[in-house]
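Labels run A, B, C, D and E following the written order; every chain starts at residue 1.
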Amino acid sequence: ALAETPADTLVIANTIDDLKVLDPAESFEFSGGDVINNLYDKLIELDPKTLKMGPGLAKSWDVSEDGKTFTFKIDTSRKFASGNPVRAEDVVWSLQRVVKLDKTPSFILTQFGLTKDNVEDTVKKVDDETVSITVDRPYAPSFLYNALTADVASIVDEKLAMENASGDDMGNEWLKTHSAGAGPYTLRAWKPNESVIMEANENYPTVPAMKRVFVRHVPEPATQRLLLERGDIDIARNLTPEDIQAVENNDKLKVEDSPRGRIYYISGNQKMKELATPGVMQAIKYLIDYDGIANSFLKGQVVVNQQFLPIGFLGAIDDKPFKLDVEKAKKMLADAGYPDGFEVELLVRNAQDRLAVAQSVQNTLGQAGIKVNIKPATGSEVLSIYRARKAELTLEVWGPDYPDPNTNASVFAENPDNSDAAQLTGNLSWRNAYAAEATTKMAEDAVVEKDTDKRAKMYEEMQRIGNEKSPFVLMFQYQEQDGMQKNVEGFSTGGAVSSAFYKAVTKTTE
Amino acid sequence: MTDEPLLEVENLRVRFETSRGVTEAVRGVSFQVGRERVGIVGESGSGKSMTGRSILRLIRPPGVATADRLMFSGIDLQALSERRMRAMRGRRIAMVMQDPKYSLNPVMRIGSQLVEALKVHERISKSKARERALQMLADVQIRDPERVLSAYPHELSGGMGQRVMIAMMLIPSPDLLIADEPTSALDVTVQLEVLRILDGLVKDRGMGLIFISHDLRLVSTFCDRVLVMYLGKIVEEIDASRLQDAEHPYTRGLLECLPAIGGSHEPLKVLKRDEAWA
Amino acid sequence: MSVSQGAHDPASAEEEAAIAGTGLLPRIAGRFGKTLFSLFVTLFGLLLVTFAIARLVPLDPALAVVGPRATQAQYEAARKEMGLDQPIPVQFVNYLSDVVRGDFGRSNLTSRPVIDDVRDAFPATLELATLATLLGVLLGVPAGVVSAVNQGRWPDHVLRVVGLLGYSMPVFWLGLIALLIFYGQLGWVGGPGQLDVSYELSYELDVTAYTGSILIDSALSGAWDVFANALTHIALPVFVLGYFSLAYISRMTRSFMLEQLGQEYVTAARVKGVPEGRVIWVHALGNAMVPLITVIALSYAALLEGSVLTETVFAWPGLGLYITQALFAADLNAVLGGTVVIGVAFIVLNLLSDLLYTVVDPRAR
Amino acid sequence: MSGPQSAGNAKIAVSDLSVTFTQGRRPVRAVKGVSFSVKPLESFGLVGESGSGKSTVLRAICGLAPVSGGEIRIDGAAMAEPRDKAFARRVQMVFQDPYGSLHPRHTIDRVLSEPLAIHRFSDREDRIVQALKDVGLDARFRFRLPHQLSGGQRQRVAIARALIVEPEILLLDEPTSALDASIQAEVLNLLTRLREERNLTFVMVSHDLAVIDHMCERLLVMRGGEAVEALERSALADHAVSSDYTRTLLTASEGYVR
Amino acid sequence: MTHSERSGGLKAWLTSDTPASRFQARAINIWFAWRDLLRNPLAVIGIVIIAALILMAVFAPLIATDPPNRQDLAARLLAPGVDGHLLGTDELGRDIWSRIVYGSRVTLQVVALVALTAPIFGLVVGTVAGTLGGWTDRVLMRITDIFLAFPRLILALAFVAALGPGIVNAIFAIALTAWPPYARVARAETLTVRRADYIAAARLQGAGTLRIITGHIMPMCLSSVIIRVTLDMAGIILTAAGLGFLGLGAQPPLAEWGAMISTGRQYLLSHWWVATMPGLAILIVSLGFNLLGDSLRDVLDPRGGQK
């Protein structure tokens, strides 16, 4: 309470230590998304409230008869924050740039058949107001449109970026720490592990009410709560259930829940004899105290979701076939040939909530005789082991990359080549040596299914098959609980499909 | 010179109470000192230093010193407040410590230490004090007093350190000087120089001197009177000149066990200690 | 029983001949040159060890850069770009030659040159460590002296227990509890971080970054409100770290003072009639200062390097936190760079304490 | 001045010995070209004031000082560098400071049994008991630590340690300067007796002419690292000395003259 | 005199000034140090705390009221005293008192192992460097300096990161970072004794370098090293706890005090006891070691002015 936050400034406490680059062609972290989403506009934008697609830098769009060529009409009245007008060239350059730079998130575009070699021809300026994208197969249009709402498809100010380019990096080095977008905000300052300061983009059609957004890195939830209670910040984004309870009981504050796209799961490596034995992974699915966890130490932070699609996605279903049932699981284990259980290692990232879940899992699996040894490791170590197919059980989290069901189906239910040599290191099924025979074909077909309803049905089917066959024990979907001052309105976390939006936020002063 | 003794000590006792038992370092010592040279001899550990220190009330815990009477030129030293006692120390009674190597502050220049000895007792300007210090160093036969003044203790030889120590204690012109083995660290040649200085002071200034040593031959030739200590007690008090006639077997033993140049090469006589002496 | 002082000083004859000796300055210069050499050797060793550890650690910097979704090809490309495909000795030579040119590489955690990151983080650590050490010295030395003078009596017991408590308290725990009480409950001090969020904005706008230290910069810029706010924030971590350093310094002071108070020159000073206060605070402490300087320098160095936990608790954007996070994120350039900076700081402090030592102790010249 | 003597029948022959220490970077020439020789079964004295290099000469014989010139022969033979166990069996030394020459944490028993162990003596138990008896120490001192002994008792232990390996030569570095006169007499008597019983050759250092006169047949006066003159014992009593320095030493040892 | 010890019983045997055997000589020394220690009230408190810690670790199953890892999600975050949970329960509904009791085993293990390894290694390095001097000294001390200049916690972190988290690795890492100060202490002490006459005497006796280092020099360095070890115990406990706090020490579900604070800190505002109780445990135990170490120095350290 040393000072109230300024009326035209939105102050947010968040953990942003994962923020490392702000170039939309490269950034692939949650915090990066929260920033980039507000610095850049894409061709197609999501509405902060409804999260439905609407025009962005493209006024309208269309798809050709053969379903392979998409055209976008550019809104040339828009300007970048630098004052440069938004041109068809910028759009073409930005999308080609992603493919050419070939950074991690590029697959979101390259999965449509765009390659370094063909991108000059497949992404083209038709005229000053029109851009066309030609894909290799007649994909479901919703698939491409959804992909284009991802951060990686942000439109970058070519002139500004090229002025700051070094070598042939297309401005990559400079854009890591600067912004060149047409979004509602521009980057004023970013101090790694400290803060991000954004200022309103004066060239944005509807200038946001919050002239400044200040995101402060505060790693401790308890600290965030204190800051919130003292009025030092407007929004606290990483509160624990206990803190949330306190915030709820505080009449100056409020809590807003929003489901996020991240999925909590445990996977069993099919290279391990015990885990590959039919019935074992199914038994484990009955050995998780889903409700106990969701109602105690993760209360409010997660909702039980036993499917690979988060609620909010096309094709998501709300089936919850599993619950803690030790007797049943014991029987299943006995049938599988392990009446006395076995010993297994659970790889888990060294974070508090995950360790708590791991300990609970250790406890309940132990009740059926499965002796779990928790192996905590840093994030990148977990990843190395996991990617090398060397994990046994892995407790991990998966976040969708773009708001289309394929983002999850392609990793949970599709495995084009289960051999070690294939090195499909980004694919969860491959990492767990799960061939996904029953669903691989379905997933491949679903992306070219033009009928959205039919497409949804296909994903529902894949999930049900997964429940029976996959070595993925899907447990929860994240839910973000933000504590905020009562007077803050219009803040959106982006729900399950996107990142935070600040442009609609207002603060009423009493 | 007055007849009244400068210092009167009666039944002085020093006890150390430690966890491993009680040690009585000095057990009822009485003597008087006038403006003369009084020697205290005795073997190591006989309580010579403790006697000297307790006169200045400088026995540190766990040691405790008591006396029936401790008078210094009419002042009861035991009755003085710590502050008044401090004024006595250095100014009226000074003590040359046993080993100059450990008795000078190693991180302070000799000059500062000398000046300090003056300044705690007199209001005196810095330059005046310096002058006096130079003079004092010259008095104790230091050849290059300027250089010594700006030197640190470790830069001095043992003999120079001892003379500096003497200069430091003499600079406020005390009435009584307790010299605790002032020459034991010195070569025979230097030893005699130092003694000559002390001798001069007693003669010229009328200072009283308590000369502590274990070297019986030295004490007998240098002092007027000798106190012989054994296990914390004075076993004999005798004029130095009459030492050859000493009666106490301990004193005699000490005298006889010394080898002498040109003496016989028979085994030396050894002292036979008698329980009754203690 | 101590080894008795030999009856003769074996070095006296020689020393008599060389009272004045060579001047202080050339000797210090000679020492300096020698120390400079050992500094380079130590630094080289430091780099070698750091590098070895960095390569031993099963963390994969390339993987950390490309992230979980990367394809094998992207991963390989990143490895190549970072030079990780080369043999390790070659990597080390490359790294060394970069470091010699002042290039510590780029942090993949922040995408900035490590040097820039360190330049941002170090002042925060320096501020904290300096103030904490100051507090530790200003309170710890007198406490230690009083304790020694009263050995075995109640002031000694009280001061020792207070000191030992500070030495026994996990800093991170003390920090949390202090934060809870003084910030959470009482609101007397600022919260975690270096400034209130609102002041952080005005810091961005009104304060010129002369040195990188918020306190100094805001004072130089005349932004006194920012300065005052920064003070309320630094107060608690300084107190927590300062308590720790106080505990250590007072304990060492006590032990050095006990040693000095038993020396003959102290008695000699008393014999001269020097007042007790001067005996203790000038004579004894003057000598105790000699070993104490090293102790203080070491504790200062330890604060510079070791406040990782405090920095975590107080969200203090300092070097310790930076390196720790870098370590967790497999950001090896940052770890190496930060470690080298701390190592250099340590060595420089050692050097300084060496020099100070020669100033304070004539025997060491 | 004593020139290099014929090493023919000398037990110890030191010729033109120089020792140079380096202190910091400065070289300190502690002994500058000293020569003397000691006949078998003789007791030889070294006198001089503090720092004159007396101890250094003894240490050089034992290989404990950096010899920069000259040579040392025992029974006409040069010695191994560094000194070996065989040397230890023949030459032993008693140090100046009884407080510093006994390991403060070793019991007397350990002090005496260690050399026996090193030289693989068999009947160690008996030898220790005998050694204590030889130097006139009660057996109950055997398991005490040095700090529980008086200076004279310690010096006896040091002597016992030196004699327990049955050497031929005993180097004595001011064995009584740290002791009271009364105890000095006991130790000197002890040394005299043991020398006769064991047929030892002594080299004894002291700054006290009287002690040297009492103990030694011949002596060398040293000053500032150099030999001033070599004398027979009888010369001292007769004041038949040639150098001024020796004369000063002689007068000084008679006490203070008003 | 000689027979008095037989008649006077143990006490007389221990206070005799004429020990009759090596064993008795040693026992007498220890006895007097012990008596001096007991005279010091702070030391007694320290000894009591450490004794309590040891008893707690040994009899953990008897003292604990619950198995340390028994979860009960329904009874999570109970306040101290509720439902018979002496110090309350943690986020998974485990009994905090029982976890603290079992945690004492981890703490004791850390202390014991580090105290056995690092000082011995440091002692060897320091005495060898100090005794041999020259190049050996220079090389060894340079290595020591490098490890000393290395940020300690970060070095430990790096080692743990390299070896993988876990209590054994944490102990190893702490030991690896803890030895340089011992090496320095030992070397400094060696330098003061290596010129002593008793070392020269041993040389003259024909003793080899190995014998001199192990038999003559090491015993002299031992007491400074032991004092430092006791004083460092607290630091070791705190470092282990710090590693636990950063998630790199003992791994779940093993009850380790630092890790308990770490998980408890997010409940600090609403459920203070979860982090505070293990914090107090660390505080008390390290205070115990500190009190003992500090007093031990007064008793053993020849510089302390006693004896």
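Here is the rule we go by: a contact is a pair of C-beta atoms (placed from the backbone, for glycine too) under 8 Å apart; a residue touches a chain by one contact, two chains touch by 3 or more.
This is a predicted model, so every value here is computed, not measured.
Taking the mean of each chain's C-alpha atoms, the chain closest to the overall C-alpha centroid is C.
Among the other chains, the CA centroid farthest from that of chain C is the one of D.
The mean-CA centres of chain A and chain D are about 88 angstrom from one another, to the nearest whole unit. Centre-to-centre spacing of chain C and chain E amounts to 24 Å, using the average Cα coordinate of each chain. Centre to centre, using the average C-alpha position, chain A and chain E are separated by 48 Å.
Touching two or more other chains at once are residues 220, 222, 226, 350, 378, 381 of chain A. For chain C, the set of residues touching two or more other chains reads 1, 3, 7-9, 12-13, 58-59, 176, 184, 312, 328. Within chain E, the positions touching two or more other chains are listed as 161, 164, 196, 265, 268-269. Considering their complex, residues 41-42, 142-143, 145-155, 157-159, 161-162, 164, 196, 234, 238, 241-242, 245-246, 258, 261, 265, 268-269, 272, 275-276, 279, 282-284, 286-287, 289-291, 294, 297, 301-305, 307 of chain E touch chain C. Chain E makes touch with chain A in their complex at residues 69, 71, 73-74, 76-77, 91-93, 161, 164-165, 247-248, 251-253, 262-263, 265-271. Those residues of chain D lying in contact with chain B across their complex are 49-50, 151, 180-186, 188-189, 192-193, 207, 209-211, 213-215, 236-238, 248-250, 252-258. For chain A in complex with chain E, the touching residues are 220-222, 225-226, 240, 242-243, 245-246, 289, 292-293, 295-297, 350-352, 355-356, 358-360, 362-363, 374-378, 381. The touching residues of chain C, when paired with chain B in their complex, are 5, 7-9, 12-13, 15-16, 18-21, 263-265, 267-276, 278, 283, 286-287, 289-290, 360-363.
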